[in-house]
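Each of the two complexes below includes chain A, the first together with chain B, the second together with chain C.
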Partner chain A sequence: MSSRLEFRGLSRAFGQAEVLHEVSLTVEPSRCVALLGASGSGKSTLLRIAAGLDDPSSGQVLVDGSDLDGVPSEERGLALVFQKPLLFPHLNVVDNVAFSARMTGQSRKAARRHAMAYLELVHLSDLARRSAGCLSGGQEQRVALARALARNPRILLLDEPFSSLDSRLRDDMYSLVEDIRAELAPTIVLVTHDRREASILADSIAVLDEGRILQHGPVAQLHYQPATLAVNRILGGLNALSGRVTGGIHQSVFGRVPVQPGMVDGPAFLVMRQEAIRIVVTGEGTAVGSVTGLKSLGAHTLVRTEVTGDHGPSGTLTIDVAGEPDVTMGQVVGLKPVNDSGWAVTR
Partner chain B sequence: MIPTLQPASASMRRTLPGGTPMRMVLGLLLVGWILLPLVPVLLWSVAGSWFAPAVLPSSYSLQGFSALATADAARAAASSLCLGAGVAVTATPLGYLGAIAARELPALPGRVVELVLLAPLAIPPFALVMGVNVALLRLSTPPFAGVVLVLAVTALPYTAFMFRSALATYDHRFEEVARSLGATTSQTARHVRLPLLAGATARAFFLAFLVGWGDYITTLLIGGGQLLTLPMLLGSAASATGNEQLTAALSLAIIVPPLVLLAALTLPASRNRRK
Partner chain C sequence: MSRGPGSPATTGRSVLFALPAVLPVLAVLGVSLTAAVLQSLGLMPFIGPPDLSFEAWTGNTGELFRATGLSLYIAATATVFSVCIGFLIAAYVLAMPRMGRIVAALSAATIPIPHVIGAGAIGLLLSDSGFLERLLGMPDAFPVLVGGPWWIAAITEYAWKESAFVALVVLGSIARSVGELCDAAATLGATATQRILRVVLPLAMPSLAVSAVIVFVYTLGSYEAVWLLGPTSPEPLPVRAVRLFGSVDLAARPQAMATALVSVAVGAAAILAGILVLRRVRGFR
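And now, the complex of A and B:
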C-alpha cells in the first residue's frame, strides 16, 4: 500500500506571485512527513499538486520513481483528506466509504462489505446506515479518513484534517492515526500549521516558509537543532541570543556555551529552547537574569528573564518550567543550559 | 477610548416590532393575499347559478368540471403537458450551461453571459414573439417546435438563475475529493455533481415547465392556432359570455397540477431539513 513520494525542484506561480520555489522533498514508504508552515506558506498547494488537482509551473512529482506529470488525479492512487470532511451529503456513511470501490465497478454489496472493514477501523461501524449530515465533527472526520483509506491509496495526503476539531477530539484522532499507521502503514503527508500536531503525528517535519523548505528532519532535530532563526521561531523556540562563536564556544550574555562541532568562528545566534534552560541558584549558572514576566500555560509556566552579562548587550531569555516556579517578579536567578551545550545558527 | 456597547434603540432594531404574534399576522395576511384571488375561481367552478349582488352562489353544480371531460380538453391538457415538458427539457440544461459559463468565465465575459441570460426578462414576450414568428415561418418550423424554442428563451433566465444560486454555494472540493477517490470526470459529474445539484435542477425544471404549461401569447402567435393547449381553451372560454363555470374549471385545471408538482418537490425537502 505504501509508496515513496518525491517532489523534485517543484515551483508554482500564480501570475507574478510564486507560491512554491524549487521545493525538493522525499517521503519514504510508510513514513509520515508533516509539512509545517503558516497560512500562505504554500503547503496546501504542494499537496494539491501531489494529488493532481493543480499543476506545477516546473518540477516533478514522483511516486516510486515514476513521474506523475500528465497522470490524472483519479489514476494517481493518492487519497486526499481536507480540513472539511466533505462527506457526500446524498450518501449515507457506508456509501461514502464505499464510494471508491463503486467507482472501480464493484457491486454495491461488495463495495459496502469492503467499506465496513474501514468503518470498523475508525470505530464507526455502528453508524454505517446513518445519513452523512447526522454526524458530529469528529465522526465526520473519521468517516472521511475511512473513505480515503478504503481507496487503498499508495499515499495518504492530509490537508489540516483535524484543525477544526476541539482539542479532545484532536487527541482522539491522533490515536486513531497511530492505530491506522500500525495497521496499514501508509505513507502519509500531513499539512498542518500546528507544531504540536506535527510533532505528535510525524516522523519528520518539513518547515515551509514563503514557498521554500527551510529544513526537513526528525522532530527532535528541528526543535533542538534548527537550521535558521525562522525554523526556530516556527517550531516555537522563544530564545535566540546574538553573540560570537570562537573555537566552538558561543559567547553572549548567556555566558560561554559550547555549541555544535563544525561551527565556524564568527557572529552567531545561540538558539536555546525554553525547555533546555534551567533556573538555578545564582552563581551556579552560566548567567544571571532578572525575572520580568510569568505566564501560566496550565501545567507549565513561562518565566521571562532579562539577562545582562560581560559578553554582550542584555537579552531576553524565556524558560519553560514545569508546574509553578518558585520565583517572583524582579528576583535575580541563575540560568544554565540543561545539557551544558547549545545550538548556534548564523541567520 | 474603547466604546461600551449601548442597548439598541427602537429605530435601530432590525426585527419587526410586535414579536411572534405580529409575524403570524403578517404571515397570514401574505397567505391570504395569495389565496384570496383563488376563492372566486373555486366558487365559480362549483356554482350552478350566481347572480350579483349575492355574495355566494345561489346553487351549486359540477357542470363546469363535467364540461371539461371532452376530447378537446384532454388533447389540450396533453399538449400543455408536452409543451411544459418540452420547454423544461430544453431550458434546464441550457440554464445550467449558461450558469456554468457565467461562473467560470473571467469577469467581463461572465457579466456579458449573465446579461444575455437575463435579457429575455427585459423584453416583453409580445415583442419577442412578433420578431421571431416571421423567421420561424420562413424556416418552416413546426408550430410545436417553434413554440418550445421561443418559450425556452423566455424560461432561460429562471433556469439560469436557479443554477447560478445553486452553484454559488456549491463546494467544488466535493468533486476534488471524488477525483482523488478514483472517480473519472464523467463519474464525478454523474455521482457527485448531479445529485448535489438535483434540488436546483428540479426547481429549474419546474419553473421552465410552468412557462410552457401556462403560456398563452406565444402559443397563440407562434402556434398559429394549430396548437391547442389548456390556456388556449381558457382564453377561448373566457372570451365568451355565460361560460363562467367552464372558465373557472379550466383555470383550476391549469392551476392545480403545478401546485401538486410544487408540493411534491418542496415537501420532501422540508421534511429532510427537519430531520
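And now, the complex of A and C:
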C-alpha cells in the first residue's frame, strides 16, 4: 500500500498570483510528512495537485518514480480526506465506505464486506446502517477516513481533516491515525496549520510559507534548529534576539551563548525556544531580565521579561514555565539556556 | 407552556402568517372547482332552471377517455424528455464551468419565452413547409411532425422549454455541494460517468422529482402548444375543454366543465404520486 511521493519543482499560479513556487519535497514510503503553514500558504493546493484535482503550472508529481502528469484523479491510486467529511448524503455509512469498491465493479455484498473491515478499524461498525446525515462531527471524519482507507490507496492525503473537531475529539483522531499507521503503514501527507497536530502525527514537517518550502526536517529539528526566523515563528518560537556571532559564540543581551558549528562570523539572531530557557537566581544565569508580563496557558505560564545587558540593545525574552512560576511583575530574575547552547540564524 | 418549534403557539403563528398567501388560492380554487362541478352536473346552467344530470360525464365517455389518454401520453412523454434533457444540461453546466455558463445563460433566457411564441417557432421550424424541411431539401420524405399522429412538434416544444426549467431547478438545488462531492468521488476512483450516475444523479433526484411533477401538471393542462401544433382530432383534455366552453351550443358547457375537472383530477393524482415518490427519495438521504 505504501509508495514514495515526490514533488519536483512544482509551481502553480492563478493569473498573476503564484500560489506555489518551485516546491520540491519527497515523502518516503510509510512515512508521514506534515505540510505546516498558515491559511493561503499553498498547502491545500499542493495536495489537490497531488490528488489530480488541480494541474500544476510547471513541475512534476511522481509516485514511485512515475510521473502522474495527465493521469486522472480516479487512476492515481491516492485517497484524499478533506477538511469537510464530504460523505455522500444519499448513502448510509457502510455504503459510503464501500463506494470505492463499488466503483471498481464489486458487487454490493462484497463491497460492504470489504467496507466493514475498515469501519471496524475506526470503531464504527455499529453505525454501519446509519444514514450519513445522522452522525456527529467526529464520527463523520472517522467514516471519511475509513472510506479513504478502503480504497487501499498508495498514498493517503489528509487536508486538515481534524480542524473542525474539538480538542478531545482531535486527540481521539490522533490515536486513531497512530493505530492506522501501526496496522497499515500508509504513506501520509498531512496538511495542517496546527503545529501541535503536525508534531504529534508526523515524522517530519515541511514548513510552507507563501508557496515556498522554507524547511523540511524532523519535528525536533524544526522546533530547536529552525532555518530562518519565519520557521521559528511558524513553529511557535517566541524568542529571537539580535546580536553577533564571533568564533561560534553569539553575543547579545542574553550574554555569550555557544551556537551551532559552522556558523559564519557576523550579525545573527539567537533563536531560543521559550521551553529552552530557565529562570534562575540572579547571578547564576547568562543574563538578567525584569518580569514584564505573566500569561497563563493552564498547566503552563509564559513569563515575559525585558532583558538588558552590555552586549547589545535590550530585548524581550519569553520563558515557558511549568505550573505557576514563583515570580512577580517587575521582579528581576536570572535567565539561562537549558542546554547551555543556542541556535543562530541570519535571516 | 412550550414555545419551541412545533409548539401550539408557534404552529398557530405560522398558520396566521401563511393565511394571506393561502386564502386567495383556496378562495379561487374553491369557487372555480365548485362552480365547475355544479355546471358539469347541470346545477348551474347558463340559461334555464337547474336540473341534476350526469349526461356531461356519461354521455360521451369514449371521447373523454381518449382525450385523457392522449393528454397523459403528451404530458408523460414531454416530462420524461424534459427531465432527461434538463439533467444532462445541468450535468454539462457542472462539468464544464466555462461553456456551461453559456449553456446556463441560454437555458435561463429560454424560460421567459411564452409557450405560444415557442409553439409558433417550433411550427415554423418543423412543419412540412418549414425551415428544417427546406434546409434538408426533402419535401416528400419529410415526416409529419406538426399535426402528426405522435404529437412530436408539441412534445418537442414542451421538452425544449421545460428542460431549461428542469436544468435550472437542479442546478439551483445541488450546485453548491456537488463540486466537492464529485472531487471526493474522483479521489475514491469514480470515473466521470460514475460521478454523474452515482453522485450527481442521486443528489439531483429530489429536485428532479419536484420539477417532473411541475412539468407534468403544467403540460397536462397547457393549451397553446397542443392546439397550435397538434392534429385537430383526437383532442387532448385542455383543447377539448376550451373548444366545448367556447361552443355556440350552450349545452356543451357541462361537458367542458367535466373535461376540465378530469384534467384537474389527473393533475391532483400526479401531485399526490409525486409527493409520495419525493418522500421516498428523501427517505434515502
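Everything that follows uses one rule, which is that the second predicted complex is superposed on the first by the 347 of 347 C-alpha atoms of A that agree within 3 Å, B and C clash if a C-alpha of one lies under 4 Å from a C-alpha of the other, contacts with A are read in each partner's own complex, and residues count from 1 in each chain.
One rule holds in what follows: a residue touches a chain if its C-beta (ideal position, glycine included) is under 8 Å from a C-beta of that chain, and two chains touch if they have at least 3 such contacts.
Bear in mind the structure is a predicted one, so any value in this text is a computation, not a measurement.
Taken together in the superposed arrangement on chain A, chain B and chain C clash.
Within the superposed three-chain model, A:284 lies out of touch with both chain B and chain C [touch as defined at top]. Judged by the touch definition given at the top, the superposed model places A:324 against neither chain B nor chain C. Contacts of A:90 after superposition: both chain B and chain C are touched. Within the superposed three-chain model, A:74 lies in touch with chain B and with chain C [touch as defined at top]. Residues 51-53, 72-74, 76, 78-80, 82, 84, 86, 88-90, 99-100, 102-104, 131, 147-148, 151, 157 of chain A lie in contact with chain B in one complex and with chain C in the other.
Here chain C touches chain A in the complex through residues 180-181, 183-191, 194, 198-199, 202-203, 205, 284-285, going by the rule given at the top. Residues 51-53, 72-74, 76, 78-80, 82, 84, 86, 88-91, 99-100, 102-104, 131, 133, 147-148, 151, 157 of chain A are the ones that touch chain C when the two sit in their complex. Against chain A, in their complex, chain B makes its touches with residues 171, 173-174, 176-184, 187, 191-192, 195-196, 198, 275. Here chain A touches chain B in the complex through residues 51-53, 72-74, 76, 78-80, 82, 84, 86, 88-90, 99-100, 102-104, 131, 134, 147-148, 151, 157, going by the rule given at the top.
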